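What follows is a structure written as structure tokens; I'll ask about it next.
Here the chain labels run A, B, C, D, E, F, G and H in written order, and each chain numbers its own residues starting at 1.
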Amino acid sequence: MNEGFADLGYARPDLDREQRSGLPEVVYGPGKSPEAITGVVRELLAANTGPVLVTRIEAGAAAEVAVPGGTYDAAARLLVWRPASARGFRVVVASAGTSDAPVAAEAAAVASAVGLDVHEIRDVGVAGLHRLLAEREVLGAADTVVCVAGMEGALASVIGGLVGCPVIAVPTSVGYGAALEGVTALLAMLTSCAAGVVVVNIDSGFGAAMAAHRLAHAARR
Amino acid sequence: MNEGFADLGYARPDLDREQRSGLPEVVYGPGKSPEAITGVVRELLAANTGPVLVTRIEAGAAAEVAVPGGTYDAAARLLVWRPASARGFRVVVASAGTSDAPVAAEAAAVASAVGLDVHEIRDVGVAGLHRLLAEREVLGAADTVVCVAGMEGALASVIGGLVGCPVIAVPTSVGYGAALEGVTALLAMLTSCAAGVVVVNIDSGFGAAMAAHRLAHAARR
Amino acid sequence: MNEGFADLGYARPDLDREQRSGLPEVVYGPGKSPEAITGVVRELLAANTGPVLVTRIEAGAAAEVAVPGGTYDAAARLLVWRPASARGFRVVVASAGTSDAPVAAEAAAVASAVGLDVHEIRDVGVAGLHRLLAEREVLGAADTVVCVAGMEGALASVIGGLVGCPVIAVPTSVGYGAALEGVTALLAMLTSCAAGVVVVNIDSGFGAAMAAHRLAHAARR
Amino acid sequence: MNEGFADLGYARPDLDREQRSGLPEVVYGPGKSPEAITGVVRELLAANTGPVLVTRIEAGAAAEVAVPGGTYDAAARLLVWRPASARGFRVVVASAGTSDAPVAAEAAAVASAVGLDVHEIRDVGVAGLHRLLAEREVLGAADTVVCVAGMEGALASVIGGLVGCPVIAVPTSVGYGAALEGVTALLAMLTSCAAGVVVVNIDSGFGAAMAAHRLAHAARR
Amino acid sequence: MNEGFADLGYARPDLDREQRSGLPEVVYGPGKSPEAITGVVRELLAANTGPVLVTRIEAGAAAEVAVPGGTYDAAARLLVWRPASARGFRVVVASAGTSDAPVAAEAAAVASAVGLDVHEIRDVGVAGLHRLLAEREVLGAADTVVCVAGMEGALASVIGGLVGCPVIAVPTSVGYGAALEGVTALLAMLTSCAAGVVVVNIDSGFGAAMAAHRLAHAARR
Amino acid sequence: MNEGFADLGYARPDLDREQRSGLPEVVYGPGKSPEAITGVVRELLAANTGPVLVTRIEAGAAAEVAVPGGTYDAAARLLVWRPASARGFRVVVASAGTSDAPVAAEAAAVASAVGLDVHEIRDVGVAGLHRLLAEREVLGAADTVVCVAGMEGALASVIGGLVGCPVIAVPTSVGYGAALEGVTALLAMLTSCAAGVVVVNIDSGFGAAMAAHRLAHAARR
Amino acid sequence: MNEGFADLGYARPDLDREQRSGLPEVVYGPGKSPEAITGVVRELLAANTGPVLVTRIEAGAAAEVAVPGGTYDAAARLLVWRPASARGFRVVVASAGTSDAPVAAEAAAVASAVGLDVHEIRDVGVAGLHRLLAEREVLGAADTVVCVAGMEGALASVIGGLVGCPVIAVPTSVGYGAALEGVTALLAMLTSCAAGVVVVNIDSGFGAAMAAHRLAHAARR
Amino acid sequence: MNEGFADLGYARPDLDREQRSGLPEVVYGPGKSPEAITGVVRELLAANTGPVLVTRIEAGAAAEVAVPGGTYDAAARLLVWRPASARGFRVVVASAGTSDAPVAAEAAAVASAVGLDVHEIRDVGVAGLHRLLAEREVLGAADTVVCVAGMEGALASVIGGLVGCPVIAVPTSVGYGAALEGVTALLAMLTSCAAGVVVVNIDSGFGAAMAAHRLAHAARR
């Protein structure tokens, strides 16, 4: 452990990440047994003082993780211990359609767990622009907007043109056919005509929240 | 010729298309010599009474086509004989950025040549939404909107949400990297969240104009 | 509601779309609970006077939507309230093979629900051209042809060459291997040698019907 | 040479291919110097008695190949020594558009050089079906049809439905945008709804001619 | 029926294909109910005199098709009525690995059903070349070789270099990762260094057999 | 102009973007004539008070832009008027190889022009990790790191693991073959195992700089 | 069998591979019945003296293979008879994340079975570089490193820069969205900035082990 | 320099790579000026004692590099100082076609420069298998075979089946159409049915040589 990690044989949790970079070590749930998750979470709780997260974990598996004190968010499929208290960095999570809800929920829950102030705006896709324009004030007060959209992902460009703060675009796999399981939204967001929009992986609400966490870190210095 | 086409050896112009479907036979310029174009245009002018078009022809080649009475539009790279007079079907050609101008010009020039009323709106990309919203009245009066955009092609979705008339989306190869030479805009337009938007091939201002021509045909019946 | 939409928390139905563009607000079924669908449908029925549709909904879920007066079409997987009466715009839905039937059924049912006159022609793929040519009269009388085909999608080009009215091509995911789940038909239709053919997303019978609805709107002005 | 090949250092011409399989050794021109081509051609002429071909060679380079007795076909970019005399196997080379001409020319010239009876039909794309149907008799008399088409490649399906003889489809790189430099035509031909159509590489008139040569070989046994 | 097809409402079997092109009308099983298959098979048996085939049909569905006289081949998933008797055209079906067996079985069974003499060689992949070279005599006596291979598909090139008769390559979806579900074998076969190899769709044993049938047709004239 | 944009016919510069979002309107050079650029730049300088930029403009064209007071940066291909003075937001631009220099130069020059403090670290690719580790102190003091890398883009993951501040990854088109003109680096950066790394378009040094500008904006509030 | 293979009808095990190349004949499990596997394994055990392997076989099927003396490794899904004893060639199998464990297990188990000395290092992804650097001594003592990583696959580049011995990179299908089921890691490893890294197919722990076996063979000569 | 690298501002040559890993630091020529190359080469020659290489440099640029003692290989486009003397590790570079010669030349020249014994076999593509089989003795004596092939890349599988030593496959961009600029050969080599074949990037003769160098390193320990 004096090397900055624990060696559990099957995993090496990075125990000094929190210290090194201010980022929590997060456990990616899929493919891990509740026992393995239990082991890693214990190590992380013991070695650090900040929040510990397990992402993309189903309710059944979450119930089997034998570490007290965690809370489970079913919509976000997230387990959290020691969530950070909010420190005044405002993140607006805007999503285009109701099918984008799970990804938006992950972004919102992870961002809350690491201490950001989260406000959600749902179902503001650009085919009914007035729904988005009604939220201009909320968007204008944001420190960062996380923009969640599938299909053609146009919401990122429209929001990127409305605000000057960072816009983190999350393409989702919502859609069919030419949506190519999120690749179309991904490519569209990367080629947004609104300057300075940044993009994370398809369906990665988690990635967007961690990017927002990095921004809050920079803003606080 | 009683078979409905001429056999020039190197080409078989479809002489009864005008009669059969109301669509002009159009000569696609690239890869054809001025002599070959001259031969085909003569056949078409002789056998029909409507407009005859040569698309994507550069000024130098256009000057060598030895058929009197044609007019050349350099921006659209289009040669036209016997343009149709306008018959009251209003087509608005809206383009997202100044780099989309050549494709928009082709759409506008072909549409005019086949007898549509064309109005152009330029540089109304969604990153500055007020530029588009200032044209709501023009859009609302359109019988059809041709929407020309590269990069992420979001303009099609926004216009598709504003109007109830047909929206023909033309993806362009404008952009770099993840724009994939127009494939991204193409995919985005096909997955537009605005219902009933239709799409033509990348950079095909011609295709959009011909589609509008088909619509005008349906509307007039 | 004076903002033109209802805020149900989980969704913001666009209540003035009908007024704004003549297009119905349509609920995309997949991923929504019967309760959520019930809530949105009620809002839409209350705020508007036209048809309300739920697409791609299986029989089981449809039975649980607690809004009286709807009718369910199993072949099209469509729920409809207040279908519009036909207003004389003739749409021919032509499909290439028997496997394309579900997509053709969706196109036909949605088109009927929004007030178009629909005529279906089935199993007219180009490998047996006489089957299609036997329907030339029907095709010639159409205001619009919706062309549904998978595999190589050649039907769109052949029909596009036979008629002068709008041809809306719907690629389907029928086929295997190099059919690439509909991408091949999509690309083929986009590059059709018949001028002015327009294309919607893979398997989107709904999109084609809405495009036809926009055309009827333009034709009626 | 008793090993069945010559070792020129830079190349090992396969001297017993003609004997082994009845197929000529063909020299692919691009990237080879006239001197290298000269060396290989001399070996092949000395070791065998049949035709010797150099494909895709430009006029300038062809003129520098220092082996007497060859004839150059500029349209096909083909150099031939000792062409075979025709032996009554009828190959029809049908091409969709005038831009497909160079590929069709290569197919026709190579097929002639190896002793097939070639008949060309040009500009019979499916957008004007009557142009193709006027040639039904010619197609019906073919031992094999080579079908050359770019864009959406629908010609292969239509011809495949009209005839019972082998149909060898050659996709071409003609078209732009979604034509993807011939990939769309290739995929479309591979998924043709006409059973038993076979496909060669994009723009490979040569490959189609050699396939026809193999067929003639089988037919003669 | 005097139009050359029957109109069953849900399908239009092409009744004069046998007469027109010598090819049987074949029913593609997936997605069709046993009742629908029964109806089409009856029409085809009544209107023609040759073989009638249903491909890719599982044993359970095959048992429910209510048309007497058919035989079912489980390995090939093929139902056949009135198989043709062999007429002396020798087809060798060579497959690279044991996992390619189902595709090879379909090719062999369909080819037999339409009257070809079939000989199978299995597990002759190029990693153990002596296994293939031991069959040189069989290959040399073939009128056509159908070459079935997944993964990198190299077998087609090696066989194409050994024989002068037609080689019909069938890529299979055998393999994982970079095999891309058969796309790699498909591309590799299309770019074979052996001249004149032709290719059909991924896993299409049926397509290869029908192509061989067309060849036999040409050979017999 | 009271609509917030100027209508120059060929372009509609967005005159209130600076006011609306704090972002400068930037002119993308390619495809625009020096005259057109001159016209737009004049409008922007007159209507706003902040920096005005023209990106990706070659030296020859830059010299023809007839607006006094601009400075040209050849490495970055950037023209700037009224650059902002630095306001203490530290951006480190780290690049993997010497071939990535032009993209890094664009990022650095644009970031400087909009008022960020820029520090460059060059040639710190991960194949020689000690070169990067020697800069840990510089990286640790950054408010944001822009990470520029082509080929496999691994630098983003390594830096993302070392620092807690925002990491903006810019994939470049450096590399050949499987580098796929930057697509590989793009995909790799999007799937980085370091949480919260964000990505912009291939070769878009400009996009990264504008994203950093948005971050600085958020940090200053 | 004097031809160097056995002909079991359904398979032709290559009996002289061991003699010819020192490589064992390995049976790929998927798609084969326990009976077929039993037959092939018996032939191989009888004809050779070295190890015999069956890969990717699930526990249930493995239990049904009726050949005594085999041992089953569940993590690696591997059945082995007559494993070779270790001969002092040190292979380090390093994996990036815990989800890569199954592929690493296959690599390790196959390498052990063919007589290599295997040492595993797990969970040393580059986002926590100190975990890898703590193993520099182990890496430095390796004769070969097998590097197993999904997502962006950066581990191969970092290890490639640290050691001079052969580095065999195995991309895995771990990750989602832009990871494209392992294609991203594959492309990234192929374009590694560390010179001389070699790559095998996605998830092919087996391929990496066999490559290491070939290396050991070369090293021993 | 005590940090193990030199900081030239524009580049950081890795001065202790030779010591750390036994691999030379190699300068990739494209995009670097002769002056920059001169600077880096001088640093490397001064800091180390082994060979220094510049790859992919054209004759003109090579002549301007102002460092005495280098030799230029035009076929390989390689500049070398202080080539290592051969140490008895036999590398056979086998190439499929004459168009693959430049890539084979780079592999051979780099391998020689770093001290390997190189033997070249050219034009042994699998379409004429006897050309390859005539070299079985040479292949059998190799410590490693580098296999260079474009198009379908089948040579790697055939050689992989013939020898037990390491086989390093180099796909080339030779071919057209479905060859996809080398991607097809790359995919085919990765899915080779011959176990344990490893692959490097398209056209990377350099990568293959460096991989062979790593093997020699392992073999010598």
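Quick note on the criterion: contacts are C-beta pairs under 8 Å (C-beta built on N, C-alpha and C of every residue); 3 or more make two chains touch, one makes a residue touch a chain.
As the structure is a prediction and not an experimental result, all values here were calculated from the model.
When each chain is reduced to the average of its Cα atoms, C sits farthest from chain H.
Residue numbering at the chain F/chain G interface overlaps substantially, since over half of the positions present are found in both copies. The pair with more inter-chain C-beta contacts, choosing from A-C and A-B, is A-B. By residue number, the contact pairs of F-H overlap by more than half with those of exactly one pair in B-C, D-H or F-G, and this pair is D-H.
Annotation: 44 Å between the Cα-based centres of chain A and chain H.
Mean C-alpha position of chain B lies 51 Å from that of chain H.
Note on chain placement: the centre of chain C and the centre of chain H lie 56 Å apart, centres being C-alpha means. Look at where the CA atoms of chain A average out and do the same for chain G: the two points lie 36 Å apart. Looking at chain F, residues 17, 97, 127-128, 161-162, 177-179, 183, 186, 190-191, 195, 201 sit in touch with two or more other chains.
Remark: the chains found to touch one another pair up as A-B, A-C, A-F, A-G, B-C, B-D, B-F, C-D, C-E, D-E, D-H, E-G, E-H, F-G, F-H, G-H. Contact residues of chain C toward chain E in the complex are 97-99, 101, 122-124, 127-128, 130-131, 134, 174, 176-179. Residue ranges of chain D in contact with chain C, taken from their complex: 96-97, 125-129, 151-154, 157-158, 160-162, 175, 177-180, 183-185, 187-195.
Listed in rising order, the residues of chain F touching chain B in the complex are 3-5, 9-12, 14, 16-17, 28, 30-32, 36, 171, 173, 182-183, 186, 201-204. Listed in rising order, the residues of chain D touching chain E in the complex are 20-23, 26, 143-144, 161-168, 186, 190-191, 195-201, 206-207, 209-215, 217-219, 221.
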